[in-house]
Amino acid sequence: MAKFMKKRSQKAGLPPGTLVYTGDRPAKDVEVSVAHYNAQDYKETLQKTFRECPLGLDASHITWINLNGIHQVENLESLGDCYHLHPLVQEDILNPDQRPKVEDYGDYLFIIVKMLHLKEKPEGLFTEQVSIVLGENFVISLQENDKDIFDPVRQRLKIGKGRSRGEGADYLAYALLDLIVDHYFVILERLGEIIEDLEEELVANPTPVTLNRIHRLKRDMIILRKSVWPLREVVSQLERRESSLIKDSTNLFLKDLYDHVIQVIDNIETFRDILAGMLDIYLSSLSNRLNEVMKVLTMIATIFIPLTFIAGVYGMNFKHMPELEWPWGYYSALLVMALVSLGMILYFRKKGWLGQKG
Amino acid sequence: MAKFMKKRSQKAGLPPGTLVYTGDRPAKDVEVSVAHYNAQDYKETLQKTFRECPLGLDASHITWINLNGIHQVENLESLGDCYHLHPLVQEDILNPDQRPKVEDYGDYLFIIVKMLHLKEKPEGLFTEQVSIVLGENFVISLQENDKDIFDPVRQRLKIGKGRSRGEGADYLAYALLDLIVDHYFVILERLGEIIEDLEEELVANPTPVTLNRIHRLKRDMIILRKSVWPLREVVSQLERRESSLIKDSTNLFLKDLYDHVIQVIDNIETFRDILAGMLDIYLSSLSNRLNEVMKVLTMIATIFIPLTFIAGVYGMNFKHMPELEWPWGYYSALLVMALVSLGMILYFRKKGWLGQKG
Amino acid sequence: MAKFMKKRSQKAGLPPGTLVYTGDRPAKDVEVSVAHYNAQDYKETLQKTFRECPLGLDASHITWINLNGIHQVENLESLGDCYHLHPLVQEDILNPDQRPKVEDYGDYLFIIVKMLHLKEKPEGLFTEQVSIVLGENFVISLQENDKDIFDPVRQRLKIGKGRSRGEGADYLAYALLDLIVDHYFVILERLGEIIEDLEEELVANPTPVTLNRIHRLKRDMIILRKSVWPLREVVSQLERRESSLIKDSTNLFLKDLYDHVIQVIDNIETFRDILAGMLDIYLSSLSNRLNEVMKVLTMIATIFIPLTFIAGVYGMNFKHMPELEWPWGYYSALLVMALVSLGMILYFRKKGWLGQKG
Amino acid sequence: MAKFMKKRSQKAGLPPGTLVYTGDRPAKDVEVSVAHYNAQDYKETLQKTFRECPLGLDASHITWINLNGIHQVENLESLGDCYHLHPLVQEDILNPDQRPKVEDYGDYLFIIVKMLHLKEKPEGLFTEQVSIVLGENFVISLQENDKDIFDPVRQRLKIGKGRSRGEGADYLAYALLDLIVDHYFVILERLGEIIEDLEEELVANPTPVTLNRIHRLKRDMIILRKSVWPLREVVSQLERRESSLIKDSTNLFLKDLYDHVIQVIDNIETFRDILAGMLDIYLSSLSNRLNEVMKVLTMIATIFIPLTFIAGVYGMNFKHMPELEWPWGYYSALLVMALVSLGMILYFRKKGWLGQKG
Amino acid sequence: MAKFMKKRSQKAGLPPGTLVYTGDRPAKDVEVSVAHYNAQDYKETLQKTFRECPLGLDASHITWINLNGIHQVENLESLGDCYHLHPLVQEDILNPDQRPKVEDYGDYLFIIVKMLHLKEKPEGLFTEQVSIVLGENFVISLQENDKDIFDPVRQRLKIGKGRSRGEGADYLAYALLDLIVDHYFVILERLGEIIEDLEEELVANPTPVTLNRIHRLKRDMIILRKSVWPLREVVSQLERRESSLIKDSTNLFLKDLYDHVIQVIDNIETFRDILAGMLDIYLSSLSNRLNEVMKVLTMIATIFIPLTFIAGVYGMNFKHMPELEWPWGYYSALLVMALVSLGMILYFRKKGWLGQKG
């Protein structure tokens, strides 16, 4: 069940807090980027490992450390040493089967969310766990894959466009979350198009393949729900939290983010309703087709079986069958047959079997 | 999925607060009407754009600015400058995929609701986002389409009938909301009539077209729910709010409006129950028809197949078949056939297959 | 959809508080009865209209004004003038599509409940809106129909039996509500009997008519729910309310009434569960019948089609068919046929198709 | 609907508080037992009626009055006089359609619960209303039937085993409730066995009788739920209540009782889930059988119909049919037939129709 | 119903607090292990019975008593004497049908949870009740089976690895609970694999066996839910509790445990959704197959029945049938037959019956 659960059995029996990566798609290369910026300037370094704490952490700059690829436990351990991350936080980061959540550890907030990827091969929706640690003037973001999803935010920071550079670490964390939620809308639009296709297919020509696609979409919806429903709680907690780490100016943006999450949830529920309805329609349409097939069979059989019987009667070899001698016997038999089939056709017309489809 | 989601993907990656219209049905012409009124007089001007703030905003008059068509971002920007609307408010107005909501920005309340239109081509229910900004003595209303839905309120204000002119801006906002909710009842009545038609069709002659209509109605119900359920929360918040923008005298009217919204919701849920029941009936009726068809086939086949067999036996060409020589052989064979079919008919009558339908 | 919604579209666009009767079954004659009573005496007058306020309203007497028929707006207007009823109260009274509710207007409580009538023609459950205004020492009750449902209470008051005459206006209002809830039990018993009939019919001989009756009962249940669920909230609010209009002595009776409403709701939910189960049984029973029909067809066809084939083989006209010349050819053919059909019957017995039904 | 509702229509229109027994299974004989006991001694008297208050009610003894059979209104009236029971309490006792509930009347608590009986004839689950009045040092218990369900408690009191005699009236009331809840487990075990039987029947040989039994079990579950769900609230209220009638020492026992009720509810919900699943399986199994029957028919028909056609062709009486003259014509025809049927069988094998069932 | 309910009927009528083991799988051998440890040292003794209180209970050591096998009531009684366990606690321990719960008895916390075992013979999920008593510096754990599930914790304590030895009794209790919850993930992974297998089977070749496996999995899910849902409440109560028995340092671990329980619940609900969807697919796939079978039958019958009729006509023995004399009569008949079957095939192609499957 690769899609629904990660292998956690390897951890059963180990003491709590043991650091083991339990995901199944480790990034090929680990990439560590460390950015220091404030309204005035922006510096960035790229490394392959994270071994030593970045210097020059002063209150005038925001530090953003981003890891693509979390399977190298050593990186995480030195990160944990630098920023005093609790062992349970480190364990959760390595365990990509967490629910989205936010936890307040006093000095920092620990946030887990899910990035979603709609892949073609194998077809379906895949989740990537993204962990964010928000401190006084630093943000640490950790991604499972090696493809950097946060590039648009980094570009905005670099060119200093928008309000992003002048704001604090909390605004950066918000921007990262906002990017992920915006991506949900892209996923939803794509799923919406697939659903629209399916609806047309359902009306035009439903096949077992249609059923299979409905089933796969339903699974995607289950994955989506699992990722988004808890996110609602996360954003709501961030918004209400009195933590000094989140400034009032960021609060309005978090409220807006909350609205977006609710919209995503609304759309998911709408899609679920539609998919449930499609299954009913699929079944009804199967029944309709069976009815139609059976009508054709019944009409043909009901018309020809009596005729064949009549022909059978006059195919008997009895010595004494007066009708066989009649000069008009053959034509009379044909006439009787015609009358019988006419009667049947009138009966079917009365039943409305002919009017509807032909 | 034009009906369920607007294209928001174009916004993914952009910084929050960027103003882009993401709807899919921009109004052809933009129409801006600015009305100043109090209990004594009423002035109104019509413009094509909104470029400069209306003068003469004094506490003795209420100003009502109405925009039909929101896709021209410039109008919204100057409006925002005049009334100090928060960038997120402007973004929400341009984004017609919002849920109905109310937000308190201190100086003004920002309300989003949905107008519903039941169209013939393409058939179905369409939503139009209506944004209302309620300030100390001004109301701004923004509609997506170019057809002005608030005309009845404007007429009442013009002729000064009812209590509308003497009341404050909050009463005007209430009147606009009331108009929209009243329109929901019109939509519900129309849907109710369609459901009634469908029920008769279902009893008289259910076809795949009936199924399609049930399906379409279900979709309309989903859209209705999405628009009305959050509205309940909106009106309830307005009613409970201690905001100084809403006077006590208006509160009773908001309570009444709340009752109306609950009634709309009640009716929606009732219709949903009925539609769900109709699908069951449709399926049962398909099964009934299949049963009936199969009974006809079975009766015909069961009567004639044995007869045809008997005829086949005496059609064999064996040299030594004594019955063929009997003088009454033919008549005996016919008699046996008659007895067999009589026996079958009696069996069917005992089973009750003939009594029910024929 | 006469049953589920009243025509409210005529009110769309009118200013709030406009008085228009929007029901569809106006009473033929309006009857106004005004009763003054206390523990000692009881006076009653009957009128055709309500034009002037009843005199002699003193604290020592309770005044009970009852209107049968509310479509004459003038009656309501003078009533509103006498007792200072809010325009929205008057509008709600005339609008028979309200949900049951209670509203506290300080000087009086405004209560809306639904009376239910089970009619034969057109068959089904119909609601009648009953409005009750409870003041310091007066009660106003307004019924949509001309048949007076409150007669038993009036008779008790007249003869002074029970505790009714000695108690206050709040007890009178309770007595009216109690009467209506008691009537729900009568309706439920009747519906229960119908359900019992249906269950027997379902076991004995399910037909499309049965399905139709189940469907109609489901609709009745929906109407019942819509009337009774909000009533629960109404009675609960009355019971908890600190309004000085309701005395402590009446509170215990309201608690009892609340219990009765809960019992009604319990029974409605039970009936709904049973009806949902009946539909499943109906469908299963259709499938069962189809199976049985198909078994009969299959058995007949499977036995006779091979036999007919054998007969057909020996009905061929080839010149060289040695079996035809055999003296025992005919009897051998009959024997083979007998063996084939015996084999088939044994096969069916093994499959258990014969054992179950025959 | 004897099972789901008692006849209450006879009470409609009567003033509240009128005493009429509305149950349908009055006990044959009424039996009144009055027991006085404390840790030291135990006295008991049996009577046929309850006419006068038991003497010697002193604080050092607990008095337990038990009535089997409540249809004689006079007994209840004198009981009410002795212990000052409110008229509404007396009415509820006589009205065996009450929901389980607890009410605090200051001097005493009034408790209504349901005893359940699983009967064979008519088969099904029947409820018996049991009312308990708990006062300072007395308990009154009233049962609808004449079979005394509280005998085990009486025996324990008599022999003075366990802690029962030394405790107060509240412990006695608890013991009675505990007995009833324990009986629910007996009922559940019996129903669980029936469900297990049904599941085996469903796998081995599902018939319409199975369906009927599932349906009946579902009804029993509905009755169980109606009796047990409100009981949860009752016990929870008793446990939380600050009433001085319940001592702290009894509280732990009530908590335990509450756990038991939750377990009963858990099991009911589990059974409901299982029963719902069984209906799905029943329907699937019907579809499976239909498929199997249709495959048999189709195979036979598809093999023999073409063969019969070939035989028919050579049974035609045309003058000029060269094949008929061929010396090997007959054998060639037989060969063609064999090949056709072989082809059909190969086609069915490819389709997998033969591999699965035969 | 061995799986869903334990036999409790033997306890009905007995006084509350009677000690009787009501489980159905008593352990073969009872094994009592008593461990004393602190950060410095670790002592352990193994016994067959628990008769006397362990000596040397001082605050500097933690005592952990573990019982495998609880059916010997004497062990429990002496345990209860030593640690002053309430009779109801002892009763609950012996009654393996309890819901998971936590109860605060002041001096100790009493926790009940469920261990799950996935067995092969009889196939299915089985629960084992585990009771944990957490005191000031002791933990008592009681298991139903004789296989010790807590061995990994014991090994960790022995070798003193991790933080376990230095922490208090509350951490030990947490470690035991954590072990059980970790085991749920192992169970879920195994069930996930079974579901994945089933899905492939469903697509490739659905048979009644598939249905049976779906049904069995659904039952397992019901058992899982019953065990895990209440556990959530248990852990949440432990986490929020102000009991001095749980130290602040353990609280973070309990929070982590709570997250794990939520993840288990999430996965259970996901599996339930998937299983529900699989049943729908199974039914659709049955309908699809029936449709396909019926199409084959209908095509064969519809093509050959008219042909057979034509052959039958020219098999009649009338004296005067001119076509029989025609020299090209036979070939004309064959041609007509070919044309008829061609027409039928074209008709089927138009209907799309041939294009889809063949």
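Quick notes
Per-chain numbering from 1; labels A, B, C, D and E assigned in written order.
By our rule, a residue touches a chain if its C-beta (ideal position, glycine included) is under 8 Å from a C-beta of that chain, and two chains touch if they have at least 3 such contacts.
Predicted, not measured: the structure shown is a model, and the values here were computed from it.
With rounding to the nearest 5, the Cα superposition of chain D on chain E corresponds to a rotation angle of 70 degrees.
As a whole-number value, the distance joining the C-alpha centres of chain A and chain B reads 26 Å. Computed from the mean C-alpha positions, the centre of chain A lies at a distance of 42 Å from the centre of chain D.
Under the contact definition stated at the top, the residues of chain A that touch 2 or more other chains are 283, 287, 290, 294, 297, 301, 305, 308, 312, 315-317, 321. Shown here, the protein chains touch around one cycle, each chain meeting exactly two partners.
In the complex of the two chains, the chain A residues touching chain E come out as 1, 4-5, 7-9, 11-13, 15-17, 86, 88, 91-92, 97-99, 101, 103, 205, 207-208, 211-212, 215, 218-219, 222, 226, 279, 282-283, 286-287, 289-290, 293-294, 296-297, 300-301, 304-305, 307-308, 311-312, 314-317, 321, 323-330, 333-334, 337. Residues 152, 156, 161-164, 175, 178-179, 182-183, 185-186, 188-189, 192-193, 195-196, 203, 252-253, 255-256, 259, 262-263, 266-267, 270-271, 273-274, 277, 280-281, 283-285, 287-288, 290-291, 294-295, 297-298, 301-302, 305-306, 308-309, 312-313, 315-321, 352-353, 356 of chain C touch chain D in their complex.
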